[in-house]
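One structure, as structure tokens, below. Some questions next.
Naming follows writing order (A, B, C and D), and every chain is counted from residue 1.
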Amino acid sequence: MFDFGPRSQELVVRMHDFLADHVYPAEAVFARQVEEAGYPRPTPPVLQELKETARGLALWNLFLPHPEKDHEPLSNLEYAPIAELSGRSLELAPEAMNCAAPDTGNMELLSMFGTPEQKEEWLQPLMAGEIRSAYVMTEPQVASSDAGNIETTIERDGDEWVVNGRKWWISGPMREDCRLLILMGITDQDPGASRHRRHSMVLIPRDAPGVEVVRELDVFGYKPFETHVEMRFTDVRVPVDNLLGEPGAGFAMSQARLGPGRIHHCMRLIGAAERAQELMIDRAGRRSTFGSPLVERGVIREWIADSRMEIDQARLYTLRTAYLMDTVGNREAASEISGIKVVVPNMARRVVDRAMQVFGGAGLCQDTPLARMYAETRIVRIADGPDEVHRRALARTELRRFEAVTTPVPRGATSHLAL
Amino acid sequence: MFDFGPRSQELVVRMHDFLADHVYPAEAVFARQVEEAGYPRPTPPVLQELKETARGLALWNLFLPHPEKDHEPLSNLEYAPIAELSGRSLELAPEAMNCAAPDTGNMELLSMFGTPEQKEEWLQPLMAGEIRSAYVMTEPQVASSDAGNIETTIERDGDEWVVNGRKWWISGPMREDCRLLILMGITDQDPGASRHRRHSMVLIPRDAPGVEVVRELDVFGYKPFETHVEMRFTDVRVPVDNLLGEPGAGFAMSQARLGPGRIHHCMRLIGAAERAQELMIDRAGRRSTFGSPLVERGVIREWIADSRMEIDQARLYTLRTAYLMDTVGNREAASEISGIKVVVPNMARRVVDRAMQVFGGAGLCQDTPLARMYAETRIVRIADGPDEVHRRALARTELRRFEAVTTPVPRGATSHLAL
Amino acid sequence: MFDFGPRSQELVVRMHDFLADHVYPAEAVFARQVEEAGYPRPTPPVLQELKETARGLALWNLFLPHPEKDHEPLSNLEYAPIAELSGRSLELAPEAMNCAAPDTGNMELLSMFGTPEQKEEWLQPLMAGEIRSAYVMTEPQVASSDAGNIETTIERDGDEWVVNGRKWWISGPMREDCRLLILMGITDQDPGASRHRRHSMVLIPRDAPGVEVVRELDVFGYKPFETHVEMRFTDVRVPVDNLLGEPGAGFAMSQARLGPGRIHHCMRLIGAAERAQELMIDRAGRRSTFGSPLVERGVIREWIADSRMEIDQARLYTLRTAYLMDTVGNREAASEISGIKVVVPNMARRVVDRAMQVFGGAGLCQDTPLARMYAETRIVRIADGPDEVHRRALARTELRRFEAVTTPVPRGATSHLAL
Amino acid sequence: MFDFGPRSQELVVRMHDFLADHVYPAEAVFARQVEEAGYPRPTPPVLQELKETARGLALWNLFLPHPEKDHEPLSNLEYAPIAELSGRSLELAPEAMNCAAPDTGNMELLSMFGTPEQKEEWLQPLMAGEIRSAYVMTEPQVASSDAGNIETTIERDGDEWVVNGRKWWISGPMREDCRLLILMGITDQDPGASRHRRHSMVLIPRDAPGVEVVRELDVFGYKPFETHVEMRFTDVRVPVDNLLGEPGAGFAMSQARLGPGRIHHCMRLIGAAERAQELMIDRAGRRSTFGSPLVERGVIREWIADSRMEIDQARLYTLRTAYLMDTVGNREAASEISGIKVVVPNMARRVVDRAMQVFGGAGLCQDTPLARMYAETRIVRIADGPDEVHRRALARTELRRFEAVTTPVPRGATSHLAL
């Protein structure tokens, strides 16, 4: 128990070295190169070098749980500590290892639902890190946590699909090497149709006519490298073969995509929290007020202890969820995925917030990665389902489990203990 | 991973049946029999029957990690789900299985440090459930979370030890079958002596002259079956052979005793929290206000979800701690033991508090076990080291781990991930 | 601003002396006398003396906002600091001053809605402190936070009302001098009738045939002096003149009764919190661990600071609510009454909990008033409307206020600032 | 009680109109004009117009509690609702009314400690809104919450003071019309000198040789109009007459400056929180998920209720603090100033965070003022003393008050109630 197996342990060691020897030293360089480059954003040279290094170290595509050419998959549990470590350098490490959202989810979709031709055209270059992609789902006019609200249409016209609508919170399209958009819209215009059989996904080349970036979106003032944008799709036409999976299967596919995406976010945020904790401890040892270093103060020690207890619990919860995904499947683990999706970003927020407080002004500005981490935790509390929707979902499952117990004295603990 | 092994799984099934078929139905009977009996408190008949049933089912002495006659030990990890289930009926199940504090800790002490004669006289009848014992450490005049404050003296006088002092928060001595007190005091009167080499433990028969119960202590308004008392020891004399372990080893022995005691408390409180959660869900389905059952309300659903997330995290944290105790030892796991000692009772408090709120008045009175559970969570936040002392200890370890990392970029996550 | 006026300030000084010179010294005596007396509980001599002292000092009936014979009323705002101080000795001071629930609410009902005969018979002896009364509303089978659930019937039969039903959480009937029960039930049996016009209140002599105490209810194990009971009413007959107010006006009257009752609870709990804070500071100065007094530790200082900030905010919120009740009326202040009803007991719970933690075992047992205070805060979170119902009500008002703002840019702050 | 007086009430009405008719419509224009202008930043035309409007409405310099030419001062209590309303448009309204930090604090310093010549040269144009100023205190190398750490030197050389050092978190110097820096440094180089008599303040023209902006500092990712910078002072020379106040009085003057600055921050953040609450309610009424508007959901209603309760308490706490500053003075009110400095930004953070959650992505980006408000609350938890330092200070006062009570039973409530 609590053993990741030899393959994962070996990768952890390699990851530590990769971070220490290559990634951390590249962080400042990366920030400078991004700032100096214009739009559309080229991949900064330092990131390109990191990608080659990672690939050479076989720290590449480790996220993908499905066998593809040249790819022997890790289980979610084996991947967990690797993903966590990549979260210690949120902007650099995941992409350096070709394990960054939204490409990861898109590769999963193509791997699971793509035709051989689609895989050939898009999955191969994505897995080779040669191109980037974006995922296009959320809409500005409606509450997208309810997919039933989606209004963008994908209409059949002869041999083509015609896409019209407005989308936002799409990360990636400003990247120079972004080639592919995977868009979810409504193919079945009949509002009386089954609520969850009306959506489809379609593959749209980034440079297709009618595809337009309306504006960039800040996140707490940041315009990160993978900046978020709002887009307009006006009579965008793609061949019928560009439909991904079955027509009407879009909602189910998006759910299939979300599970792994959510746990990857959580794994990475745990790594970010660990780094914040280290930064805080280091700083608290260096600064003094009123005659003693901060690290000697009882209040700061409580923060250190609270952060440790919260990180460790959230990590274990995430690992168990990974284990469940591996053993009983993403669908059966949905409730636990909801649970970590609520728990982890809130935990990371608290840990990062404590670190910011110890750093004072340096914690708020570009001198530490803390404020940026904070923004990331805040996004994750909304993206892929806001906290309150996941709590609802989790409660629903909890009630079902309770009702499944038919004996007069519920023996419900079993279901939880048996894992 | 997350697999308890066949032995534990089989015991879990047996425990579920034992609880459902024997323990839950006995709860009301027990409360009545305790109330009707006088002082000193006899073991109520229904509890005596439960003990015989449990022994017949081999649900007996499962807590003891050391091999003793007729006892093949479980690991802490194997024991965890059993102890958790016993916490679903906090007052009855642990003792029914001869797994109740303070006897458990006392049996551990005797098992680890007792002479053959001491084992013969005290450990055998304790393991047979024929007698009960008490543990005598805390003192009313000083803050006992710092053992250095202890004032009770154990002085050598010829072939005897003479004990003088005042102690409180001792559970057990009002039981009719309580025969043994294990008392910690100062044997080295030299205040200049090493702070942690001055204490010793001595075995005192309950009926020794000079042993006196001063008063009962309420917990909130409860005088539970295992009521707590304040005691006075006036020139109590025992033979020199009654010293337990080495002279001056008392502090170390008490620490050795505390680790398992703390995790057992935590395991049981997780079970109590699970039962509170079940009670709450059940109640929320039965009560309606303003036209809809409580279970339909979003706020109640959030409580259900929050409790599930908190319970699951706390359980995993406890299981990992058990695993560490099994693999690297109690001493190395001290920081994690501190962590669960803070996390679990606070978690259980919140879960029970939510359940009380759903029950309204019934949650505060004798109609549910909730208020009593609440009192128990409150005791555990103080007993065996208050929250704030454990947070300090945990922070100290965290700082040491951080300093142990000598590379310029800390790679500290390893120590946590490696588990 | 923030000035209570001369009358209130003078009473505050008198109250401080009364508490210091009479009430605090009586607390231990009272506990002993209550424990020694049997059932039905007589008024302990020490309480009788306190009542005479308080009356002599004109610290008597100060709660009543309506002019009655020999009674010149204080405003709610003037009364607030007096009630707060009485909460420093929750069990003794309020009754000593004839300002204890449930008599206060009952006197208000009689004062507002009683006929001259009813006042003569019941209000006069209550105001003289010669008899005690109880208020009978909550029912065990249903969620009473929704008055629509009430099932007890008050049926007309000739010149009499006949009462049948089961009630609980009634405090007072075990007192020897309890003479009067004010019971709310259903007079209009037509379920189609207007939801809030079906209830009435009836005056029932404590010794009327058919009135029966079924059992006492613990609160966290306590059976306080004013113990709570469950009662059965079987064909209890009273003359038609015993109806209080109009038939069908019961719900409205109960609401009228609740506003002041709720704010009195809050005022007193603020006093209890202040006392807990003082006890904690005092203790933290006397106890030492690991070489320094607790009061020197940063963590304890944070508790002290947090409690002070929370108490002060809750007090100001309560005072403003009192001011609103005085100026715009209880109905218009309903939202603020809901607010303090949520805020104050939760604040007091946290303050008391911190104090308990500093006291260790002494904070849980009879050696301090803390555990009892804790139980009281927990009752108040449920009694007179649970937290979640008050939050709903407050949100409803907030939404109405928001909608009342018709300009495109809401100018809503006015409503709050203007007070 | 709870009455601001006619002057303040009239100003509140005027402020509401000013905000609705002029400020809110200008917000988007301002953002655009700031973005389009280069460095050094000119005052955008829309802001210039607002300033003229505000001055015409006599909504000008209302913050200044000291009589100056053409200025009849408001009390802190009278000013409170005005400042709160200005916080509804944090970036625009305060400066439009010449009530924005850091000018406000600088004007106070000049008003209290300036010579007639200094007032003539700097205070008059500041009060006329013709120039801007900056306050230069915090240093990057040390923990500035302890003023004893300050290292920048102000050395006497003949008729001049020579300033050397590095400072940061200075807002304003990038403004085109910034003319004056008020800098705090060490004039008494003797480390053995009294800890709080070593600092002085000196007036430095923005364009003095040796004054250099090193870099801009982000706050989260923002570079707001009043962007923060790091500066280097190298042999900067000013005439001896440029010393503000007495030599060695710098620490005391900075404390005098901080009190009002802190409460102004708090007043404004209350207004920001009110606006966030309104935005949230408005949004929750417009968005629907799963078939019902968000505002119908119990969880959202709890957020609405919690925010209302927290805002109202924090406002009352702030008002009482203002009242204390007016009546017993800033020094005696120091503990309450610390209290609101902890309470208010944390309250505003929670309120804004809830609103962000309801808005989803729109809450994080430039489409709402929420993320920017959030950043502001986060700064205030650090600027002018971090939370933990204020808690320490508040606890120290609480302990002193407690010790001042000499009777055996503390009568400490008086001190709090009497206010």
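Definition applied: a contact is a pair of C-beta atoms (placed from the backbone, for glycine too) under 8 Å apart; a residue touches a chain by one contact, two chains touch by 3 or more.
Small disclaimer: the values here were computed from a predicted structure and weren't measured.
Visitor: So if I look at the partners of chain C and the partners of chain D, which chains show up in both lists?
Guide: Shared contacts of chain C and chain D: A, B.
Visitor: Strictly by the touch rule at the top, which chains does chain A share as contacts with chain D?
Guide: Intersection of chain A and chain D contact lists gives B, C.
Visitor: Just the number, please: Cα centre separation of chain A and chain B in whole Å.
Guide: Once rounded, the distance between the two centres reads 42 Å.
Visitor: Just how far, in Å, is the C-alpha centre of chain C from the one of chain A?
Guide: Centre separation, chain A to chain C: 52 Å.
Visitor: Could you grab the centroid distance between chain B and chain C? Build each centroid from C-alpha atoms only and quote it in angstrom.
Guide: Distance between chain centres, rounded to whole Å: 38 Å.
Visitor: Got the chain B residues that touch at least 2 other chains?
Guide: Correct list: 297-300, 302, 388, 391.
Visitor: Write out the stretch or stretches of chain D touching chain C in their complex.
Guide: Within the complex, chain D touches chain C at residues 1-4, 9, 12, 16, 19-20, 24, 77, 81, 84-85, 88, 271, 274, 278, 281-282, 295, 298, 301-302, 304-306, 308-309, 311-317, 319-320, 323, 336, 339, 342-343, 388, 390-392, 394-396, 398-399, 402, 407, 409-414, 416-419.
Visitor: Of all residues in chain D, which touch chain B in the complex?
Guide: Residues of chain D touching chain B: 297-300, 302.
Visitor: Can you list the chain A residues touching chain D in their complex?
Guide: 138, 140, 142-146, 148-149, 168-169, 217-224, 228, 287-290, 294, 297, 299-300, 356-357, 360-366, 371-372, 374-375, 378-379, 381-383, 386-389, 391
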